[in-house]
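The structure appears below as C-alpha cells.
Every chain is named by a letter (A, B, C and D) in the order it is written, and numbering of its residues begins at 1.
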C-alpha cells in the first residue's frame, strides 16, 4: 500500500461514523482511534454491525501450539494450523451468523487476510477476538508505534466478514504476493 | 537581521541530519564557510554545500541571523534549529524529527508539519508550527527527569501523543486535537489544548496546569472535580471545570499545603 | 618482546624508596630489570615524573548493577545536551557514558590516567559470569572481583554455630566457582533483612530468622579470612551508610578488628579494610545539623595499625549511586524521588541503583565534599590510606586527577570552598578550612601505588619499580621542581605522557595507541583447603531446594577469563 | 549404548530451564530422548534435523529460485553489501549466545549499522519505562523462596513460559514458602480468561487497553483517595479487594508481559506499574519481573549495554558516536520510514513477527538472514546463511528473564561444515577489513565517499 493510500476499512474509520480525526501518520495509520468507533457503537445498543460483518478489537498473543510449531518449522502444516485461526466469542459467532470452523475475511486498517474462525477455551468477551502471533496476524497489525518503537500488536480493530468459500493462503505464498515478489516454491518445503 | 536562504537541491535518499542549520553555527561565517559545515546521511558525511544552494549573508552574531529553508525534501531533514540559542529559523515546508530540540532561545517558525521529538527539552525561545506536530512535542529525552523548562510552543494543527512529558516549565499551546498521554509526569508548565484530547490526560502529574477545552473521552480515575471557575486563558475568558490530579501520584508539600496538578475542561 | 629504558625521569616509588631523584627505569619482557642492552628504545623523561602503574582498590566497573545503571541512564551518555559518547582516539572504539562509562571507556580512561589494576568492588556470586564477561571486554587494565559474603545464608549458619573450618571450606569453594579474589562484606545482615523490607542499622541488630548480629558476621569473616591466609583482608562496607550520626556505627565496626593479627605470607599487614569511609563519618542528628566527624574516625584509624581505609571522596558532579546495600538505595530514592533500581539475589545479597546530583549549591553535598578531602589529609600513614571516589557513588573515576589536585594544592580547594553559597555554614561544620597539609608526590605514590599493592597482597609484582616486578610504568608531564598548580596539575594527571602495561607501550600523550592490546589479565585466588564432606552436602542440598540454578551450571569456566593470573594460597 | 548429558539448558523461552537431561548416541550425532523439558523444549531437541534445516548458504536468483553457494561467496557478498549500504540494520540477536553478539557488535561498528534486538517488538516498552522510573526487581529464586502474593498482569505463562509456574512462581516449595501453592495468593489480570487465570485464586477481567487507568486507580486507592465506581470495566470493590490482598502479603511479586507492553500507551503502562510497586514498598516488600520472551533477548541487551551503553536500538551509523532514540532508531520505525538500505536478520524471524509494513520494506532492500532453519525472513531475503543451533550444537552464555547468566551446553555436533555465529561474524569482519585495506581507506565512510566519486 503506497504512502497516502488507505485500505477500504480505514476509509470507514476516517470519514463517516465519527468526527474527522486527522491521523498523525499516513501509512499504517493505527486504527486504535477506531476503538472510539466501538465506544460510540457500544453506546448505541451493543451491536457493532457494519454491512454483513462486525467490528471487533483484536489482540495477538503467543499460544502453546504456535510455540511448538515454531520449533517444528515455519513451513510445516502444524504451524499453518496453529497460526491461521481467529478466536471469537459465542455472541460474535451469532452476530456473524456463521458456525464454528468457517473461514472469515478479516480486514484491519493496514491489510486483510482470510482466517478460520474457531471457538476458544480461553474465554473472551463479546467484541474481542484473538489471533495467535504469526505471519497471518502480522498482515493485520498496524505498524504505527506512537514513537516508542513498539507496534500495536494488542488492541487494533478489524472488520470480520464471513467468507466460507475463500481459501487460506500458505504463509510463504501469502508473503510473496503481498510483497509483490514472484512466488516460486522451494524443494525444502514444497 | 541578515538572512541566509538555503534551498535543498534534491530529496535525500534516506534522510539528512542537518545539526549545523542554526543561527549559532551560521553567525559570523562567509557563504563558503557555511557551505563547508557538516551534514550527514547515515555513514556518509557531506558538506551543507553538497545538498543546499546557499545565498544571502549571515549576521555577525546569532541574534542578527535569520535562516530561510526551502526545498522539496525538508520533510526528510532532521535536527533543524537544534541547540539554537538566538536568531530566527523559518522552514517553508515539513521538517522531520528533533526540530528545535534542546533550544535555549530564538524563534523557529515551521510552515508545514513537524515530526516527533520536536522542541525536546526546550529551555527558552519560541516555536511556531503552522501544520500538525507529532508525538513527544516538548517532552524530555529518554530517561531524563528534567523536561521542558521554558519557552513557548504553539501548534496550529493537531498534535500527537505524549505531549509535554516530564514538563517542568514553559507553555505548549495546541489549537487542534491531541492524542493520548498529555502532560504525563508533568512537574510544572502549562499545556493548553483548544481541541479534544483522546485519553489519559495528566497521568502521573505532580504539578502544572493542563487546559483541555473540548474535554477528553475517558477521564483518569486519579482526578477529582473541586470547583467551576472563570479563568482567562490565551486571551479568552471561559468558565472551566477544575479538577485536581493525579491523586495516585506522590505530591510534594510547599509552604504547608499539598501541591496538586490542575486540569481544566470547558463547562458546557 | 622489546626493551625500553626511561631515562632521567624523577622517579617516585615507595618500594625502592626513591623520592623523586633522577634515575632510569629499564623494562624487558614485561618485567622491570636492572639494565638493558643498548638496542632498547629510549624514552626521554627529563623534567617528567615517573611512577609505577596505579591500583584502584574499590570501583564498580563491571557487574549486573553497573549494567542496570547503563541501561537505565541513556541521558548519562547524552549529558545536558552535549554528547558524552564519542570516538576519541583514531584506533580505539566508541566510548560512552559520564558517570557510568561503557567497558571500552573504562579501560581507555584508566589507561590514560596510568592505572594498571582495578578491583571490582562487589560481585554477586550468582551473577559472577556476567561480571567476568564485562572484565574480559575491558581493554588494557588488569582486574579482579570480590564476591559478596556479608549476607550469604551459608555464612550465617556456619558463623552462627562458630564452625570456622566449614566457613573456610565454603569460602574457598566459592572463590574457585566464581573466580573471585577476596571476601567483600556489604551492610552485613542488612541486605538480608532488606529481602523483607527491613534493615540492620547498628552492629548489634539481629538479622530476621537467622538471629546473627553484624558484629558476629564481621568477626567470623575476619577469622575465616586469616584462616585461609587470603592475599587481601576483609573488605568492609559497614551498616548505616550515609545517615547522619553514623560515625558511631563505623567506630563500633572498626573496633571489632582490634583483637586480630594478619596471618599471610604475601606481605599484607592489615586485617580489615573499611571502604569509602567518607560516607561513614557523618555527625549530627539530621540533615539540618549535619557535620563532619572525620577527625574522630581518622584518629582511631591512625591508632590501629591493622586497619586500612579508602576515602570515597565526593567530586560534586551529577552521578549514579550503586551499591550492594539495597535498603540505603531505597531510602536515597525516597529522598530525591529519582528512578530507583533494585535487584535482590537469592540466598546471597541485594543491590540498588539511584542517580544522585551532588549540587555545590546544597549544603549537605558541600560538607560531604569537605569530609572526602579531610579523610586523606588527616591520615598519618599513607600506606594504609587509598584515594578513591567509590566510582561512581561519590563521583566518576575520571575525576581522580581533580581529587589529586585538591589534595596537593590548598589554594585550589580553598577557592572552591569559599565559592560555595553556604560557605560559612560548611566551614563551621567541617575541619577543611584549618588543614594546611598538601600531599606530596611521594605520599601520592604511596596512596595509589605501594599502599594498595600491599593491602591487596600484590606487593610482590605490582605497585613498585623494583626489578622483577610487572613493567607497569606511568610517566606524567609534571616537573617536581616547579609543579603546576590547580587545573594544569589536574590535566597533567588526566593525560599521562606515556603508560607501559606489562612492557607494552599503550598510551602516548594521552592517546591510546591500539583498540585491544593483548595485555589484560584476570586475577583470582585458589585457596587450598582439606576436603570437607559436610559443606559439600549442605551445598548440594541448598542448590536442589532453594536455588533457581542447578549446581552443575553455577561455575564460571575458564572460557570467561582467557588470561588468568591465579594466586595459590 | 546411549550417553546422557545432564543439566542441559533449554534454549527457547526466557525461563531458561537448566535441569534437562538429553540422551544422545555414542558418536554424539543424534539426539534420542529429552527429559524434564516442556512441550516446546522437547520439540526443539527432538526435531533438530527436521526438513526445514539448511546446511549450505543459499543465494536468491533474479528468477526467485535459491541457488546453493559456498560460505566464502556468502561472506564476500555480506561484507560488500554492508559496506555499500549507507545505514544497515542488524536486527535479531535473541536466539544466539553472547559471544556471537560481541562479534556481531564489532562488525556493526565497522560497517556503521544500527544494532537492535527483539526487545523492540517485545519488552522495548518495559525498557523505556525502566529508563523513566527504574525497576525494583529480584531473581526468580527470591520469588520461589519468599513470595506469598503473585500477580500475573497481561501475561500467559501457561502458554508462553510453560514451566515457569512449576519452577519459580506458583507451585515450588521454597525456604519460607514450604506450603507451596497453598501458602500463596495468585491474582491474574487480563482481558481474556487465559489458562493461567484458571490456576489463579482471583481473576480480574479488564476491558482491553485500559491498563493505565486501572493501575492509576490501584495507586489512588493505595493513597486512600476515592475513585469512580467503575474503571476500565472493573468495579471499584474489586480494586479495593485486590489492594487489601496485596497489602496483607509479606512479599508481593508482579509478573507482566505482552498485555502491558503491546497495548495502547506502551511504556506508560509499565511506568505506572513500576510506580505502583514502588508505592507498595511503603507497606510491604514488592518487586516486579518482566516475562522476557526469547532465551537470550536479555543477553543481547546486556552485551549492548556494557559495550555501547544502551539496552536496544543503538545507532552506530555516525561511526564516531553511539545514539539511542527509540521511536527513530528502532527497527519498525526505521523500516516503515525507509531509513535503512540494507538489513541483516540474525537469530530471529523478522518477516513472521513484524507488522507487514516493515516486512515489505525489508523485502525491497538487500537482506541477509542468518538462521539454521527455513523461516519467513529467509524466503524474502537475498542470502540465507545457515549456522549451528545454540544450546544444541554450540555452547555459550545466555541470560535468563531476571538477568541471571547461565552457560548453555553443547549436546551434539553441528552438521558437516556448518559455521557457528561467532565464527561467521569474525570472518565477515575480517573480509570487511580486507576490502577497506584494498581500497586504502581508513573507515567505511571514506569507502562510501570513494565509491560515490567513482560512480
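General observations
Operating definition for what follows: a contact is a pair of C-beta atoms (placed from the backbone, for glycine too) under 8 Å apart; a residue touches a chain by one contact, two chains touch by 3 or more.
All of these numbers come straight from a predicted model, not from anything done at the bench.
Counting only chains that touch, the fewest steps needed to get from subunit A to subunit C is 2.
Two chain pairs are in question, A-B and B-C; the one with more C-beta pairs in contact is A-B. Centrality by Cα centroid goes to chain D.
Centroids built from CA atoms put subunit D at 34 Å from subunit C.
Chain centres here are Cα averages; for subunit B and subunit C they lie 44 Å apart.
Centres computed as Cα averages put subunit A at a distance of 24 Å from subunit D.
For subunit C, the set of residues that touch two or more other chains comprises 72-74, 338-339. Within subunit D, the positions touching two or more other chains are listed as 128, 131-132, 264, 319, 324, 326-328.
The residues of subunit B that reach two or more other chains are 116-117, 135-136, 142-143, 145, 180, 250, listed in rising order.
Taken chain by chain, the contacts fit none of the simple shapes, being neither an open path, a ring, a star, nor a full set of pairwise contacts. Applying the touch definition to every pair of chains gives A-B, A-D, B-C, B-D, C-D.
Residues 13-15, 40-45, 97-98, 116-117, 135-136, 142-143, 145, 166, 180-181, 184-185, 199-200, 203-204, 218-222, 224, 246-250 of subunit B are the ones that touch subunit D when the two sit in their complex. Subunit C meets subunit B in the complex at residues 72-75, 78, 81, 337-339.
Here subunit D touches subunit A in the complex through residues 12-13, 39-40, 43-44, 47, 50-52, 54, 63-66, 120-121, 124-125, 128, 156, 158-160, 162, 191-195, 197, 205, 207-209, 258-259, 261-264, 266-267, 293, 313, 326-328, 330-333, 336, 349, 351-360, 363-364, 373-376, 379-380, going by the rule given at the top. On the side of subunit D, the complex with subunit C involves touching residues 6-7, 9, 18-19, 98, 102, 109, 127, 130-142, 144-146, 167-168, 173-176, 250-251, 278, 281, 284-285, 287, 301-303, 305-311, 316, 319-324, 397, 399, 402-407, 442.
By the touch criterion given at the top, residues 62, 64, 66-68, 70-74, 76-77, 83, 85-87, 90, 93-94, 96-97, 100, 102-104, 126-127, 129-130, 133-134, 137, 195-197, 209, 330, 333, 338-347, 350, 353-354, 545-550, 552-553, 557, 560 of subunit C touch subunit D in their complex.
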